[in-house]
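Next, two complexes with subunit A in common: one pairs it with subunit B, the other with subunit C.
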Partner chain A sequence: MTAPRHRLPPPQGLADRLLGAAASAAVLAIVGVFAWLLADLLRHGLGGLSWHFLMAPVEAAGRAGGIAPILVSTLAILAICLAAALPIGLGTAILLAELGDANSRFGRFVRRCLDILAGMPSIVFGLFGNAFFSLVLGLGFSLLAGGLTLACMVLPLFIREAEEGLRAVPQEQRLAAAALGLGRWRMLWLVVLPAAAPGLFVGLVLAVGRALAETAALLFTSGYVDRMPGSLLDSGRALSIHIYDLSMNVPGGEANAYTAALVLVALLLAINSAAAWLAGRLGRARWQVA
Partner chain B sequence: MSRWRPDADRARLDDRLLVVAARVSAAASAGIVLLIGGFLLVESLPALRALGVAPFAGMSWHPTGGTDGGQFGLMPMLVGTLAAGGGAVALATPLALLAAVVCVFLAPPRIALLLGRVIELLAGIPSVVYGFWGLVVLVPLIRRLEPPGPSLLAGILVLALMILPTLALAADAALRAVPRELLTAASALGLSRTTTLVGVALPAARSGLWTGLLLGVGRALGETMAVLMVCGNVVQVPGTVFDPVRTLTANIALEMAYALDLHRAALFVSGLVLALLVTVLVLAAQATTAGSEAHP
Partner chain C sequence: MTSQTHPARPSDTATDPAPDEVSRRLRSVDTVPGSDGVLCGPGCDCSDPAAPPAVDTPPALRIRDLSCTYCAARVSGEGHVAYRAVDLDIPARRITALIGPSGCGKTSFLSSLNRLTDLIDGCRVTGRLEIDGVDILAPAHDVVALRRRVGMVFQKPNPFPLSIRRNLELPLREHGVRNRAERAARIEAVLRDVGLWREVEHRLDRSALALSGGQQQRLCIARALVLEPEIVLFDEPCSALDPLSSGVVEDLIASFRERFTVVIVTHNLAQARRIADHTAFFWLVDGAGTLVESGPTAALFDHPHHPLTRAYVDGARG
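So, the complex of A and B:
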């Protein structure tokens, strides 16, 4: 959201004053609820936050101890998600933005599929991940199944950002590369991808944020096990699932749920702010809601 | 935009490999949707084949009950989903519209920027944290007002908060795209603020606003964690907003862990219903956008 560009006439009459009052009330309500939520998390969560909390194993179903195995599982799921989503996403974005396929029949079909994928509820990804990755591919409840499910979920978001990043590269650079006699592949590798790198990075960061925030798709793919995972085929509990489990299934888990929620929100705010800052420097619409 | 296409270079091997690799990844991306649809259908089939479609429209959900194999009426959950989603959209839409109007037209640049940042940050908070906050803050407040506390009302409030950024950012983009000439003409006619907004800006931004609304509805219907944590999850058609309800999404999350055979298939049927609902909404949103491009 950038600065406004059109000034309306000054308020006059009852209707304008009512509108002003309603608008102020709406803004106060939104900002107020946001402040309330953050203040509540900080007030109850900050006390439990310590080096020990981040580095200790889970004890007493989460009531005591820390979240070290949870953080490791979360990172592993994220890494798998990105390893699967980035190459496929980048390839698709290259097809749509660079190879002139955006308006072909195939290109339009791909885009429509991605729009539907972007709107699919996360629990549906969970059902699909359970049926396909866990059972058909035999991965069971594992970090691998969870990460691959998330990869399907973040794919449309990453492709849209990557496509925009590629389109933002000035056409003159491609023409210059062509004048030097570079083929498509070398043009892409030597000129377009380096120039589009910041935009691709924004896509990467937003995908990480989306994957980190996800819970429902992991419930029956990566599972609940709160021990330190030994391999990618072990079940592991993501941070978001830990918060859910502590608040719903563990009596007395509220204090640690607060602290875990604070950790997750802090991570996400940092990630999203980084993406917004980076995209702002690229001078385009900063945020697109997934 | 016309792009330079080096036709002579197509013969080169690495260029051809690039095209093939890009096509394969695009086919894989698109294939995921088909794969999801296919798996939902295949996993639903045992239930659809054994029971037909009619029992799913029933009012009674007892998936593991008795010797007759249980009852699989999804209707109370569908009502819960629609009530929570509809209530949230009704509550969030005016707020989001006002916030967007403030950002685009009313506020000084600094305030508008700040409000935009807050809305972006709200969009970044995960659903499980909204659910947790609803559970520990809103539900006790509602319990004091009218027991039991976990209720349709809590779900509506939390969902409204969650979809507000989606709606507000879409409305912001739509209002920003209103042609400047229209607004200048409104000023020249001496129209007041309210008349300019209601009579000129909102109608001109209509299709963008509809698209945002449809996507917001899709998000509200598909949300799982937040409603799972605050709605109480009792399978019933709610009489008042203080009654607990269970949504389709929450039902899947609660029962998938132990569901077997027909029960599992019935859960996939509810997933299929959700996926179809959301797909229709997305296609409708695309149609409104396409329509506005044809008739600016």
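So, the complex of A and C:
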């Protein structure tokens, strides 16, 4: 059942018309920028895109060959980032939303910290990651150091989204679960987490987007070696760093920079749609069918 | 269903008496001869648990000197007393209605009966609360077992955002019913009990949230019944429903007489009159909810002992 849609009253006077025109112009500008960006990428990048480009090693500093090692490094860094950020983030969100008093001094303090961290420039995370993971923990320039640094960076984002998702679950459902004799963890697992799944997925998608787009935090941590990484302790070049390097440091690398950027955007879109699809399926599975 | 037996009920809309009228009568309470300014203390015969007429079996719930205090830690000063010194026997396999204006501790009282008040920060319940002679307020008392014996249905229908089947399977699994066939049989039986089976048998695996409000509330009743409790608590189960659904749910609750012990909070005096065997009237005295009078419904409505009760039921009637 959907609520009836109410139309706005017709525009009256100059102010209404100006407002309408301004809003339309803003929308056009946004769509225009996106279209331009996409068209530009496609025009310059599509020509170089081929199976070979995705599967071949980097040659001549990226002017020739492909981006296979770059793709592997990127996905490895992303996987490390999510493997570290999801459990820690979910745990913190559960603590903030479920176990603690929403307005306790501790809760407010943690939230303040997260907000500050979320606004921190990524280069700062890069320096921190270099000092802590690379030097203190001795991970050096490695995929592991890069992934963990990214995890620190996306955690505040993910925690706040996940917390909102958990809080959006109506209190009545917790009461219903308690009245049936469910304990705290059973209630969380069987009722609250499934109900909060959409919010958790939004957080996940935002985290993935931010991690994939990151350049500065990785420069000092995962490094920019463009060979195929042999282990998680090897240095590896992420796609965004590859694009940066090709366009800034490698004369004649522009064409491949465009193609790599096209691949990055496609990857982002693919991961987002996969997550949305999965969220929909998971939601159906746990809420309606299972 | 028999919704035809519930045409529009004009009396239902006038649930609470006019506040001015009641408070005027309230001020005269302490001067009523014989009341000694004490509302239904142990010596008062209006709620003497030793002599509740027409109850020959031992009570399902024996409540003595039960009080509930909220001491919000962040608010300085002493706590707020939700209700104070309630003595009440809830007769077994009968329907007991709790009536009274908002904020007089009825819902807190109801939530104490399955210790859902445990979940509220700073809420403390003292006194004795006995089922079969066992004090369920003892800290060591098994709360999970208690909540299996004492089911609860809330004001707003609150099915889980799961399928209809999962809503009923979840409590069964949690309470150790491993056999799939047995679960299916109990789910069907309980859905038939609440008159929902024919409406949902072909869509058990669809979301419970797609049901109408009245259907959702009946599903919640089924969810409370599927664990086969002895006592079922209802917190204004009809107040969020339209009149037709409300009638269906009310008939359903009335049909539980003889099978379950029902305690129902209602703001709807006409409803209490229609379905309750016993009625307990709460009122706010000195800022704390107090049980003023309790007894068989007809007696309490037609011949209330206490002037407050008379004022409340009269106000609602006229």
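Following the convention adopted for this analysis, the second predicted complex is superposed on the first by the 233 of 290 C-alpha atoms of A that agree within 3 Å, B and C clash if a C-alpha of one lies under 4 Å from a C-alpha of the other, contacts with A are read in each partner's own complex, and residues count from 1 in each chain.
We adopt the following convention: a residue touches a chain if its C-beta (ideal position, glycine included) is under 8 Å from a C-beta of that chain, and two chains touch if they have at least 3 such contacts.
Source: prediction; values computed, not measured.
Could you let me know whether more residues of subunit A are touched by subunit B or by subunit C?
More residues of subunit A are touched by B.
Touch check for A:Arg186: first (subunit B), second (subunit C), both, or neither?
So A:Arg186 meets both subunit B and subunit C here.
Now for A:Pro194: first (subunit B), second (subunit C), both, or neither, which partner does it touch?
In the superposition, A:Pro194 contacts subunit C only.
Return first, second, both or neither, reflecting whether A:Ala178 touches subunit B, subunit C, both chains, or no partner chain.
In the superposed model, A:Ala178 contacts both subunit B and subunit C.
Considering each complex separately, which residues of subunit A are in contact with subunit B in the first and with subunit C in the second?
101, 175, 178, 183, 186, 286-289
Give the list of subunit B residues in touch with subunit A in this complex.
1, 3-6, 9-10, 12, 14-15, 17-19, 21-30, 32-36, 39-40, 42-43, 94-95, 98-99, 101-107, 109, 112-113, 115-129, 131-133, 135-137, 161, 164-166, 169-170, 172-173, 176, 180, 183, 187, 190-197, 215, 218-219, 221-225, 228-229, 249, 252-253, 256-257, 267-268, 271, 274-275, 278-279, 281-283, 286
Which residues of subunit C touch subunit A in their complex?
114, 116, 119, 121, 143-148, 151-152, 154, 156, 158-163, 166, 170-171, 174-175, 205-207, 220, 223-224, 227
Taking the complex as given, what residues does subunit A use to touch subunit C?
Interface residues on the subunit A side: 101, 170, 172-173, 175-183, 186, 190-191, 194-195, 286-290.
Name, in rising order, each residue of subunit A that touches subunit B in their complex.
1-13, 15-16, 18-20, 22-23, 26-27, 29-31, 33-34, 36-37, 40-41, 87-92, 94-96, 98-101, 106-107, 109-110, 112-128, 130-132, 152, 155-156, 159, 171, 174-175, 178, 183-188, 209, 212-216, 219-220, 240-241, 243-244, 247-248, 254, 257-258, 261, 264-265, 268-269, 271-273, 276, 285-289
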